[in-house]
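Since the structure comes first, as structure tokens, the remarks are kept for the end.
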Amino acid sequence: MSGTTVVRPAGYGVVRAGRGSFLVHRRSALVAGGLLLLLAAASVAYLCVGERFVGPSEVVRILLGESSPSAFVVAELREPRLVAALAVGAAFGIGGALVQTVARNPLASPDIIGISQGAGVVTVAAMTFGIGSYAALPYLSIAGGVLAAALVYVFAWRGGLHATRFVLIGIGFAIALRSLTTLFMTKGDYLVAQQAQIWMTGSLNGRGWDESAPIRWTLLLMLPAVLWAARAQRTVSLDDDTATALGVRLGRVRLGLVAVGVVLASVATGVAGPVDFVALLAPQIARRMTRTAQIPLLCSALAGAVTVVVADLLARRLLSPVELPVGVLTAAVGAPYLIWLIVRSRTAGGNA
Amino acid sequence: MPAAFPSRRVLATSAAVVALLLAVLLSLTVGARAIAPSTVLDALLHGGTSDDAEVVRQLRVPRTVIGLMVGTALALAGTALQGITRNPIADPGILGISQGSSVAVVLAIAFLGVHDLSGYVWFAFAGAALASVAVYAIASGGRGGATPVKLALGGAAINALLLSVTTGVLTTRASALDEFRFWQIGSLDGRDAGIIGQIWPFLLLGAVLVLSVARGLDALALGEDVAKGLGQRVATVRIVGGLGATVLTGAAVAAAGPVAFVGLAVPHIARAVVGSDHRWVLPMAALTGPVMLLVADVAGRIVFPPGEVPAGVMTALIGVPFLVTLVRRKAVPA
Amino acid sequence: MSSRLTARGLTLAYEDRTVVDELDLAIPDGKVTVIVGPNACGKSTTLRALGRLLRPAGGAVLLDGEELAKLPTKRIARSIGLLPQTPVAPEAITVGDLVSRGRQPHQAWWKQWSEEDERAVTDAMERTDVAALADRSVDALSGGQRQRVWIAMALAQETDLLLLDEPTTYLDISHQVEVLDLVRRLNRLRGRTVVLVLHDLNQAARYADHLVAMKAGRVVAEGPPEEVVTAELVRDVFGLESVVVPDPVTGSPLVVPGAPWHAEVVR
């Protein structure tokens, strides 16, 4: 072996800046670049298409601040909703990745540990009893999601967080809360049921700057935590004993990772409703593209954003003038791609 | 202490049988109209034309029998699926099989004008079958065949896809939602004896298939290589077990709608009681499943009189505390 | 004889079952210590406690006189390296990536890969002869290769104390000897303190400076192998009749088990 000139660990490049040094997985960097281009293309397409088509070059000029007759449609109507879609997609991508990492289960996502159902039951209950204005509903559902996840964590904790116990208790709570939701829906009035059904599918309809403010602020405020998580995630992918031997404080790291994931997923749910399949699909798509040992957070966020943007574009135009809820189409966009990745997978795939 | 273990299992299994008998009795006697056990027995054995006897024979007996069948079917299906995928959260719901039924039923309601329960049955069946064929086809593609991870993920992907079809139809066709939202929860209410006749052959077939691979599931739990080393044909076990689970799920969903939770929780409860040997776990699950469903159904009849809470809702509400306690007490396998 | 790592009145239990009771142990610095004993005697449990994987139910493990349970785990990781009995690698991880995880305790968010990390990982991989496998997936390795990769990971941690739980399991005889020779070389050339759990008494006698024999959660005998390994000890600890002869190669004690079904050959 050539010794010192070989850069390890294999597949990683090292970026040095002053006294700092950062590991970059090369394939992940390429995938992230590709996803970024795709996201840019999807975003421009999103701004072009609508009741009235606006040319891509004009869209770019409007984004750069030049005046145009279409400026109102693009910048005032379509852009805020695009930003909401981007933020929600990225938040679900990261939230799902973190929950899957801690749960050590590729099926885990915010709807497995009760976040979506917690948000759902609070929202539907509020609708049924007529409490809470539309301005308050997102905050109620955020609270519901965080509360449900916290309960699951407390009940699953017994001298440590066992991954299987965590998902089992999570799924138990999730089903119980969903049952409560359905109870409200069947006991309630038909109009409430339909409204609740739309909320529970997830929709970006009418989400403007004000509506997407919570998720935008959360993403910004959580950025340091997400950067920490991206690194910390590497360490919890080993088994408990080995990780402890390497000096990882497993209990705290796991709690931290879950907390970041839960907050992001809850706020995203509050803004757009439970578009939770994004949270399940995006991390798995990202991981299968990058072929890393852990779920790549950045790629997961980008994959989530691409999925939601494309899905919402289709949701707006597919049955135009009727707008479908975006949740109907996120799975339709993401699932076939995941299926394709599974079918052509080259690794044998280990145990979950 | 190998001698102590079988006796514990026998004891637990007998206890489950007793619990099942009690649950059946409860289901026959309790309701909007409470009927004394002696009257029930009289109506069953000697017939009679009193109002009580009519209620027992026309309403309570079919309902109880369907509860028994559905509970057994879902519990067996869940046990088999968790064994095949080696994933503790696998169940007919998460793997998309129930969702296959839902899609078929929604499409039948929205586009074919099918509006009664007995009409749903065949659609529910066909949907479950198509969904699981799709899941298996996806998972067995690529290198390494149908590994547990690929089965689980393929199931989740199909589930997602089908759910989006279901919600797509429901959000655009309001009338279908009104009908479907009641079916979707899962309930034993209003099922007549005809449905029993429609589904029992499938239930029998599915149960035989699943029970026939009990040894294979034990071997699979030790890992694919060990299973092969023990002389099990891994692919056969997966296909036969999966087929059995599909038939059982199809029958159960056809009869009662997609009742959640039984398929997920009962296998864990059964394993906590009798250990990991599938030749004990499967019968135990088959006994515990109907107990849970019948007790939930009975509770649903009496909590908010005069209305009823559907069994699908009550199972989760009653079962979750059980599951949480058990999971916290037991050292669950990773 | 100085000891950085010691156990005082150590009691270890899983749930309510006590496995190790009031154990006192001092790991001599700069020596190879081997813990032997029959299955389920508590030897692996003791090693786990020495590496703070198991919290003592009573007593304490001390590192440089400080209680292990009160030290930050990352600081312990810079002094004690530990390889569990059955470590699990993340799916699809490459050999190079896994070995580099051993540098974890020396890294920080802003210092993810230093020259020092590079050197330690390269060194560890060359020592264990896995450098050529760097880009291979761990899933695709043979049992022996995988074990060497894990040892490389523990070596890359570059700690003064190294605890290995049955590192020769899964290895053929030549790789077993290779791993144990590697351990000896690390100890001789770099002065590392090594604690091994082995179930092969002869390997233990051959490679240990200090032998600890355990039975039913207690230390039955400890000291240099020549003094500790006797026919009486083997009978007491393993319940086996045997003859102890000098190893023809090293001169260390060699246990030749009796053959009850063919007693006349031995006696």
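Lettered A, B and C in written order, each chain numbered from 1.
Note that in this section a residue touches a chain if its C-beta (ideal position, glycine included) is under 8 Å from a C-beta of that chain, and two chains touch if they have at least 3 such contacts.
All of these numbers come straight from a predicted model, not from anything done at the bench.
**Student:** Of the pairs A-B and A-C, which shows more C-beta pairs in contact?
**Tutor:** A-B
**Student:** What's the farthest chain from subunit C if centres are computed as the mean of the Cα atoms?
**Tutor:** B
**Student:** Centroid from C-alpha atoms only, then distance subunit B to subunit C, rounded to Å. What do you get?
**Tutor:** Chain centres of subunit B and subunit C, defined by C-alpha means, are spaced 49 Å apart.
**Student:** Quick one: report the Å distance separating subunit A from subunit B, using the average Cα coordinate of each chain.
**Tutor:** 31
**Student:** Approximately how many whole Å separate the CA-defined centres of subunit A and subunit C?
**Tutor:** 43
**Student:** When you check subunit C against every other chain, which residues touch at least two of them?
**Tutor:** 91
**Student:** Identify all positions of subunit A at which a residue touches two or more other chains, and write them in rising order.
**Tutor:** In subunit A, 347-351 touch at least two other chains.
**Student:** On subunit B, where are the residues touching two or more other chains?
**Tutor:** Each of 149 in subunit B touches at least two other chains.
**Student:** Given the complex with subunit A, which residues does subunit C contribute to the contact?
**Tutor:** Those residues of subunit C that touch subunit A are 48, 51-53, 73-78, 80-84, 86-102, 104-105, 109-114, 118-119, 121-122, 125-126, 131-132, 134-135, 137, 139, 153-154, 157.
**Student:** Which of the residues in subunit A end up touching subunit B in this complex?
**Tutor:** Touch list, subunit A to subunit B: 105-108, 112, 155-156, 158, 162-165, 167-169, 171-173, 175-176, 178-180, 182-183, 185-187, 190, 193-194, 197-198, 201, 277, 280-281, 284, 319, 322, 324-325, 327-332, 334-336, 338-339, 342-352.
**Student:** Write out the stretch or stretches of subunit B touching subunit A in their complex.
**Tutor:** Touch list, subunit B to subunit A: 86-90, 94, 138-139, 141-144, 147-150, 152-154, 156-158, 160-161, 163-165, 167-168, 170-172, 174, 177-178, 181-182, 184-185, 223, 260-261, 264-265, 268, 307, 309-310, 312-317, 319-320, 323-324, 327-328, 332-334.
**Student:** Which residues of subunit A touch subunit C once you look at their complex with the stated criterion?
**Tutor:** On the subunit A side, the touching residues are 1, 3-4, 6-12, 14, 19-23, 227-228, 231, 234-235, 237-239, 241-242, 244-249, 291-294, 347-351.
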